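We just call them A, B, C and D in the order they show up, numbering each chain from 1.
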Amino acid sequence: MQDVLIRTLEKVELRQPILVEGLPGVGNVGKLAADYLRDKLPAKPLATIYSKFFPPQVYVGENGVIRLVSNDLAYWKAPAGAAHDLLVLGGDYQGISPEGQYEITERVLDYCAQLGVKQVYTLAGFAQGRAVEEPKVLGAATTPALVESLKKVGVVFSRNDPGGGLIGASGLFLGLGRLFGMEGVCLMGETSGYFVDPHSAGAVLRILAKVLKIEIDLTALEEKAREIDKIAQRIHDAEQRTSEPSSGSPGTPREDLGYIG
Amino acid sequence: MQDVLIRTLEKVELRQPILVEGLPGVGNVGKLAADYLRDKLPAKPLATIYSKFFPPQVYVGENGVIRLVSNDLAYWKAPAGAAHDLLVLGGDYQGISPEGQYEITERVLDYCAQLGVKQVYTLAGFAQGRAVEEPKVLGAATTPALVESLKKVGVVFSRNDPGGGLIGASGLFLGLGRLFGMEGVCLMGETSGYFVDPHSAGAVLRILAKVLKIEIDLTALEEKAREIDKIAQRIHDAEQRTSEPSSGSPGTPREDLGYIG
Amino acid sequence: MQDVLIRTLEKVELRQPILVEGLPGVGNVGKLAADYLRDKLPAKPLATIYSKFFPPQVYVGENGVIRLVSNDLAYWKAPAGAAHDLLVLGGDYQGISPEGQYEITERVLDYCAQLGVKQVYTLAGFAQGRAVEEPKVLGAATTPALVESLKKVGVVFSRNDPGGGLIGASGLFLGLGRLFGMEGVCLMGETSGYFVDPHSAGAVLRILAKVLKIEIDLTALEEKAREIDKIAQRIHDAEQRTSEPSSGSPGTPREDLGYIG
Amino acid sequence: MQDVLIRTLEKVELRQPILVEGLPGVGNVGKLAADYLRDKLPAKPLATIYSKFFPPQVYVGENGVIRLVSNDLAYWKAPAGAAHDLLVLGGDYQGISPEGQYEITERVLDYCAQLGVKQVYTLAGFAQGRAVEEPKVLGAATTPALVESLKKVGVVFSRNDPGGGLIGASGLFLGLGRLFGMEGVCLMGETSGYFVDPHSAGAVLRILAKVLKIEIDLTALEEKAREIDKIAQRIHDAEQRTSEPSSGSPGTPREDLGYIG
């Protein structure tokens, strides 16, 4: 079979579309952001991507109907007058081998190039390994000019982070994108790395909205973040109680557990 | 060499054949069911499938003669008047890498499509991690209509099971089958997951017989199930004795071991 | 690059050649036997086989000159009147992945088929996991007739061994060989599985000589076996002494260590 | 996508160029040497090599700009009258799978063959597993004549080292190079194997300069080696103090830690 199979669901003409990528990864930040963006725009299904570099797996929906794991492209037509339509890439998995990552990314970029894509935004999480109260958004880009323009909207460029570079789709879409003549930006929301983090996804989308000059209503995402906060708080409280000294003295706040929230 | 090599043993014309797949997996339920079905129909050898995605292994028969590991297609011509002939796919292994799973499944589906297959039934086990006295048969399908028709013959559709979807051939034959325009159903017999389970294979075949409107004499399979039950009972009894207190008091039934049977 | 690259060193015409394969494996029995056979016939270099499915490695000879790891085919022209010339396949490695095993075996068989090969003998060790004083030679073959003829020269066919079949080149050359219309035999010398075993290789060659009706002077191989026996005996004796009780009583023979020899 | 993608940055005509390879490996000796050589000659960028056999990774520079991991060829035009121009191959990674190693090496050699390369020098470290005060340079070559000529400039050929041969790019460029009709030499600087070792890289470059009859100013490399020595010395001293007996007696030199320097 073809290594990567892209099924087009609808033929569309897009105005200088920009590709926004967000796949599963650290804190699921990228996937949360891309899926939320797709739902809120809302973007419409454009193409489904199957590959032997994904796991040999189907999901079963609540109605008992199966679907093969995939990545998916959706499109959004910007209002008249806007310069760029959007393509949003999300999905169940990144390629499960290094070679698979390259093959899938290259094929999707090739497909997007034919749709006129010249700019790529990749969304990801950046694991800090500690609690992150107010997630900053770190950046990396394909040109110094893009770096400068991102600094102006609050993206942080750190001399040391990410030290080992970017591994996986968010980096590869930029690195291989350059070979297609595409410019690109990676927006990385700080996150602890221990939890799915809608809070960090929100921070990333806030920056993306500024850069793309679009409106994204983040209410539902913030609500989801609060729910997760509450669950974490309950776990925190439960741990507090069990770790209290047997003398029954009131538990002192354990700051070292604060990161759970 | 070709990734997947299909050797046709006999040229046949089949009437709208339905593919039934059962390969090694959880409790070997799928393989037991498919092999039993093939022997009881009986189905005749149609094609042998070799692949570099199987282990590099030959089996040695009791007569000292070797054969290369393979999957195998057999066919059964239904009585005059019946709408569908059957194809039964069994074998020694599933592909041993994710890519191999995709490659083999796609090639076999392509081969079956040329034989006119438009419906696929995959047989599998569903590991409950606990004793299963009366195995239910869980289902998943490619369309809501199929789900409804399966419910009518007693197939259970659970909102939560299987939570992680289906991994391996039983899922992939449905997922990739859709790309060939095939409809499909997965029948999963509940099983503990710890033993080869002919009992669960029988439950799956009972449903399959209803759906396909064929007769399958399950006597031999039930006999096999009883034998395994007896062996398990003997292990159980032996464990009872060794775990008896030294005082010689009669052992109390250990319900927690009951699942062995 | 090509997956498997076969460089022919000399163009030869061979009379109905028989392929004898012996590559590294259990007790190195197959490789020891094939290398010894090649040296004693002596067989001349015919072709070198390189592959990306071998490790990315070169060996450095005592003279400082490197060579890339490979498999190697050598040929031997039988005396006038004999029916069959021989091809001997040896080498540094078997393919290091299952797919590599298939690819290399298939390409070598294809090459040999063009040279007129219709019979394959594969040489291997069979690990007994215990000392083997007088190694028997177990067999497996592609046809019942071959099995019968091997029994007559002392090859043992066991109903239970090898239970899991044959894994690796020795099995695959037979299994894939059948797809090339080749008949074949695997000769497996019993061995402990813990040591390189020239003794077992000798047993295999003794049978092979009978079957192929050739003379092989085994003196040097037996000498090598005796040397290894002596080393093992010395280790044995040393262990005896260190395990003696401190009372200084003479050590009793430790039968459980006897297998080292 | 292509397995290996070579992007030519400049079209050049080279005089019988010699390829010098140095990629990451033991003590990073090869990479340190090749990178230093490239900078000091200085050599100019000729081609960038991307591959799906590298990790799916981009590096982020201090300026926030990303680049895809790669290998890189640079060229140096020798002064008029010299027989050979140079090509220097460096990079971020070796291929991360055995097959990848073969594929990348073969493609680069093919590219270099088209540029007229007939000689290859590979630079590497040789791990001694102990402190190496004055690193010798071990050698291996494709012909006895090359071995003799290298002995004359001080390269050490040891009957036993490297016992297991050479694994990875430094060996493969020679082994596959022979299939392209190229002669070649591997220069291996002794190193402990525990640290990045510019000292050993210097020893390798000193030999290379003699062989290629070029001048390489090693001042900066020696400076770097001294810095690493100082850091190691400080670690050494710190360990001394913490391991001093509590009586406060002056610490005796711990010779067993001397290798850190």
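In this text, contacts are C-beta pairs under 8 Å (C-beta built on N, C-alpha and C of every residue); 3 or more make two chains touch, one makes a residue touch a chain.
Given the structure is predicted, the values throughout are model-derived calculations rather than measurements.
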Request  = Answer with same or different: of all residue numbers used at the interface between chain B and chain C, are over half used by both copies?
outcome  = different
Inquiry  = Suppose a student superposes the Cα atoms of chain A on chain B; what rotation angle should they report, nearest 5 degrees?
reply    = 90
Query = Hey, how far is the Cα centre of chain C from the one of chain D, in Å?
reply = 39
Query = What whole-Å value do you get for the distance between chain A and chain C if each is reduced to the mean of its CA atoms?
reply = 54
Remark   = Where chain C touches two or more other chains simultaneously, the residues are none
Task = Report the residues of chain A in contact with chain B in the complex, numbered from low to high.
result = 1, 5, 7, 50-60, 62-69, 96, 100
Interface residues, chain A side, partner chain D - complex = 95, 98-99, 101-103, 105-107, 139-144, 147, 157, 159, 162, 164-169, 171-172, 174-176, 178-179, 186
